[in-house]
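Both complexes shown next keep subunit A, but they swap its partner, so subunit B is in the first and subunit C is in the second.
On to the complex of A and B.
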């Protein structure tokens, strides 16, 4: 048991240089962008003296190293600078949008797993028979439908006729949020499930061919019991890794979904910041995305360590 | 005369392939009595594992079995069975590889407890007690603690015992053991063999014990079937067969084995390779490697002929062989 904690600890320590690298890259984003940030803040008509004053305020004439040190110091304390446009702290903007996207991603993952686990198990058990073919057809359909279209269809065919779900915006109470997130989550789930189903089917089939499953059968275990006790936990680790990879590629889908459903999340914020050339905001969102990816991979490692008792010998 | 616990008649395993079917197990018949241990000996690839897997309906995808399988019911009557109905309580199996046959994500005690629950209608608590009890019974030291161990934390010998304990939890009438000691060192091997013998003697469990290790079979088994290229070539009481082999293949195996009543003699490997199931030779399948082969061996029909009481050989020249070895 302690071996597994050691493994997780090691992963955490390994994540530190990774995080520093991420912060460095995001910092460089501002450095390599052409144009003078101070000029952008004060506007084109302001005098050179005003520009110089802002440059001085922001410390833009300091060396790159001291600027990086200052930026890193700010990041560690939760200070991501100020928006060029709204003059708000970027940290506040991110903090306002983070829960929306968090809800979206987590509930999307939950929905995708609710689709994936039964269908993946069914396809594997029914390998090359009807259930497998049906699942493959449904998956292909899922891949073929773009998320924005699925989202629009859900709004047109479900939200509008029934009036059960808001067609835009998030809520303040838990109930409202849950309600607002249902359709986006279903859309996201449909987008993520097909690849998960394929992966789960493949790893279950691999498990079913193993000696220990044959041994489980020899003991008299069969059907659902066999899958639950001898297969699922062994097949789970590749699913966890896949879910982590999928989550890290979610940015684009998130932008689409948040736009379709009018959700004020990070994807929407990122697009707005980019359109407005609001560099500190872009930096802030990028940093949050990157940190999320690092954390998601870390989380996947931890989950796999919990699922697989052998991790302590690998770690 | 013991009551028969398991009878297999004309078992054939078909492997489908684009080049047409092959028969890695080709007409095997056997019977095992209560408390009796039948050894199956043969080189690698002769079809021993497939025979056991077919008996339990555990063939890998692509392989199918035909033949008659019968198991004794409670009153001792033999009746045909569906393999999925007898797994566990009717027929149990101990697999060849203790390293891969235990679920890596299941604690040793949980596996045994699950097997006990599947067949005993026990509560969760009771099954856990039963698991520790069984682990102790098969000689797992410190069973209480070992029950909580993951398979990778156990040695090969302990894993094999865990698998045996799980198989025993269902109290099978017949236990199929696929080289349960090959992967283990000699001391552990002896302990496991003693355990199996004890099971047969004390619990009346009928057993099929597969091995390519003749000395082990000589030590453990009541009867022996020598397998070559998907068929039994010689069957009989272990003593009879190993002291008076009536098939050149058995004789060759004995010459290749260290010390089974043949101490001091030169060890000799069997020349050539066993044939592949997709290209078994016509007639006697051992002919290409047989030092005594003659022309008519190429047309020999396959049939085990009685050569002595309870002793059969598939060699059409078994009478000559007797003269040579005598």
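On to the complex of A and C.
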């Protein structure tokens, strides 16, 4: 047991330099982006004196090192700077948009698991037979389809003919919002499922070849029962790792689908900020996404340590 | 890797010289007789797209940029196979010319990372020491980052356009190739046939070319075909978001975005470019899957 705590502790300590690196990369965006931020804030017609004053206020004439220290200090206190466009604190914009993205991601993952678990198990049991080939073909098709196009086709084939779902936007009441999230969540699920199916299939097949499953077989378990009782928990560990690896793709798909469906989440915010050339907002959203990924990796390792007592720190 | 070839051990020296040239060494990267059928189906699809890209000016009935606002949003028909878009441009012609843009960005967006990653990975594996440490720590950092989000941030900083997209892809996707090559070098240099080759005094670059690369290339090829697919999907997505290939260049993702407002009445404007993407995507998947199958068996 202590070994596991040690592992989690080491993992936490290892995350610190990664977090610092992430903040550094986001900070460097300011340095590689051409143009004078102060000029952007005050507008093209402002005088040089005004520009100089804003530069002074923002500390843009300080050394890069002290600017980084100030940025890092702000981030630690939850201060992500002010948007050039809305003049709001970026942290407030993030906070307002976070729940929308959260709901989309959670419901999208639920949908993807509803697709992945039956198909992945079926493909593994039917290895090299019809079910396996059908699942594989469906996955290939799923990988080849751009998520935003799938979303538009769902609007075209489901939302427009039936009128059950809005073609975009989020709504004000809880009911409207629930309704607005259905098609984006289904689209997100379809986008995530193919890679999950492949991975679940592979890890079930690996487990099916092991000794404890042979023991299960000897006890008379077979088919779905065998998989449910003896395999899934063992296959879960590699699924947790996959979920972490998939996070980056998940977040990107979320960004694309929020824009497709007009959902006011973090992704739509980031795209709008990028189009409007709102540097602090882009930095803020990038940082939030990056921190999410770092935390998910951390969480995945911790969960795996709990699920599987054999986990040790990897080289 | 030690910098000079070690002196041949006595057993190797005792062998007749004629046995030693590397043609006679075991070569695990042996050719197997044929590729699975899906490889060929994929190859035909991808080849078809490539030919269509080459022949785009012949195949396209109209200039993809020519506007005819009086005739905007026309239905599909004999004049315009897939109708016209909001500016009266012939959609079919734009679709065909779009193959050039998407296929080129997809191919280069996977090719540059392959080259950069292979070089850096070979450097890391070959030199070892601090070069290895630095290069591998960078791969860790990139892999621990949400790469697509990083691309959006890079596109923001460098401005949209094909050049930016290619720089961003290269900056991020080289990691996997670097790892493949580095790991292969570390693994392979302890193998018997490489030891034998080194014992025979065969120079390092020859060992790398004849024994290391042939044994890893299939892995890189599998990643390469799926990277071409991901690059095509990504450039379409970025263009859809307005952060990729700027208009009026015919590109499938931006065509879908331009078609979205007309989904109710001119659904084909958004549907057709997506079908084009799914087609090339399936072709590349089958191709990669076929290579994968052949090397697994």
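Just so it is clear, the second predicted complex is superposed on the first by the 297 of 315 C-alpha atoms of A that agree within 3 Å, B and C clash if a C-alpha of one lies under 4 Å from a C-alpha of the other, contacts with A are read in each partner's own complex, and residues count from 1 in each chain.
Going forward, contacts are C-beta pairs under 8 Å (C-beta built on N, C-alpha and C of every residue); 3 or more make two chains touch, one makes a residue touch a chain.
None of these values were measured; they are calculated from a predicted model.
Peer 1: Subunit A superposed: clash or fit between subunit B and subunit C?
Peer 2: Here the two partners, once superposed via subunit A, fit next to each other without clashing.
Peer 1: Could you tell me if A:294 is touching subunit B, subunit C, both of them or neither one (first, second, both, neither)?
Peer 2: second
Peer 1: Thinking of the overlay built on chain A, is A:209 touched by subunit B (first), by subunit C (second), by both, or by neither?
Peer 2: first
Peer 1: Which angle, as a multiple of 10 degrees, do subunit B and subunit C span at the CA centre of subunit A?
Peer 2: Apex at subunit A; the opening toward subunit B and subunit C is 80 degrees.
Peer 1: Have a look at where A:222 lands relative to subunit B and subunit C in the superposition and call it first, second, both or neither.
Peer 2: So A:222 only meets subunit B here.
Peer 1: Go through the superposed model and pick first if A:130 touches only subunit B, second if only subunit C, both, or neither.
Peer 2: A:130: touches no partner chain.
Peer 1: Of the two partner chains, subunit B (first) and subunit C (second), which one does A:160 touch, if any: first, second, both, or neither?
Peer 2: Touch status of A:160: second partner only.
Peer 1: In the overlaid three-chain picture, which partner chain does A:49 touch, first (subunit B) or second (subunit C), both, or neither?
Peer 2: neither
Peer 1: With both structures placed on chain A, which of the two partners, subunit B or subunit C, ends up touching more residues of subunit A?
Peer 2: After superposing on chain A, more of subunit A is contacted by C.
Peer 1: Which partner does A:270 contact after superposing on A: first (subunit B), second (subunit C), both, neither?
Peer 2: second
Peer 1: Report for A:13: first if it touches subunit B alone, second if subunit C alone, otherwise both or neither.
Peer 2: So A:13 meets neither subunit B nor subunit C here.
Peer 1: Look across subunit B and subunit C in the superposition and give the shortest C-alpha distance you find, in Å.
Peer 2: Across the overlay, subunit B reaches subunit C at a minimum of 12 Å between C-alpha atoms.
Peer 1: Along subunit A, where are the residues that touch subunit B in the complex?
Peer 2: Its residues touching subunit B are 127, 209-222, 229-230, 233-234, 307-310, 313.
Peer 1: Could you please specify the touching residues of subunit C with respect to subunit A in the complex?
Peer 2: So the residues of subunit C touching subunit A come out as 140-141, 144-150, 152-153, 155-159, 229, 233, 236-237, 240-243, 253, 256, 260, 263-264, 267, 270-271, 273-274, 277-278, 280-282, 284-286, 289.
Peer 1: So in the complex, which bits of subunit B are touching subunit A?
Peer 2: Touching subunit A: residues 53, 56, 58, 60-61, 84, 87-89, 92-93, 95, 97, 100-106, 111, 114-115, 118-119, 150, 152, 163, 166-167, 169-170 of subunit B.
Peer 1: Under the definition above, what is the set of subunit A residues touching subunit C in their complex?
Peer 2: 18, 21-22, 25-26, 29, 32-34, 140-141, 143-149, 152-153, 155-156, 160, 167, 247-249, 251-252, 255-256, 259-260, 270-271, 274-275, 277, 279, 282-283, 285-286, 289-290, 292-294, 297
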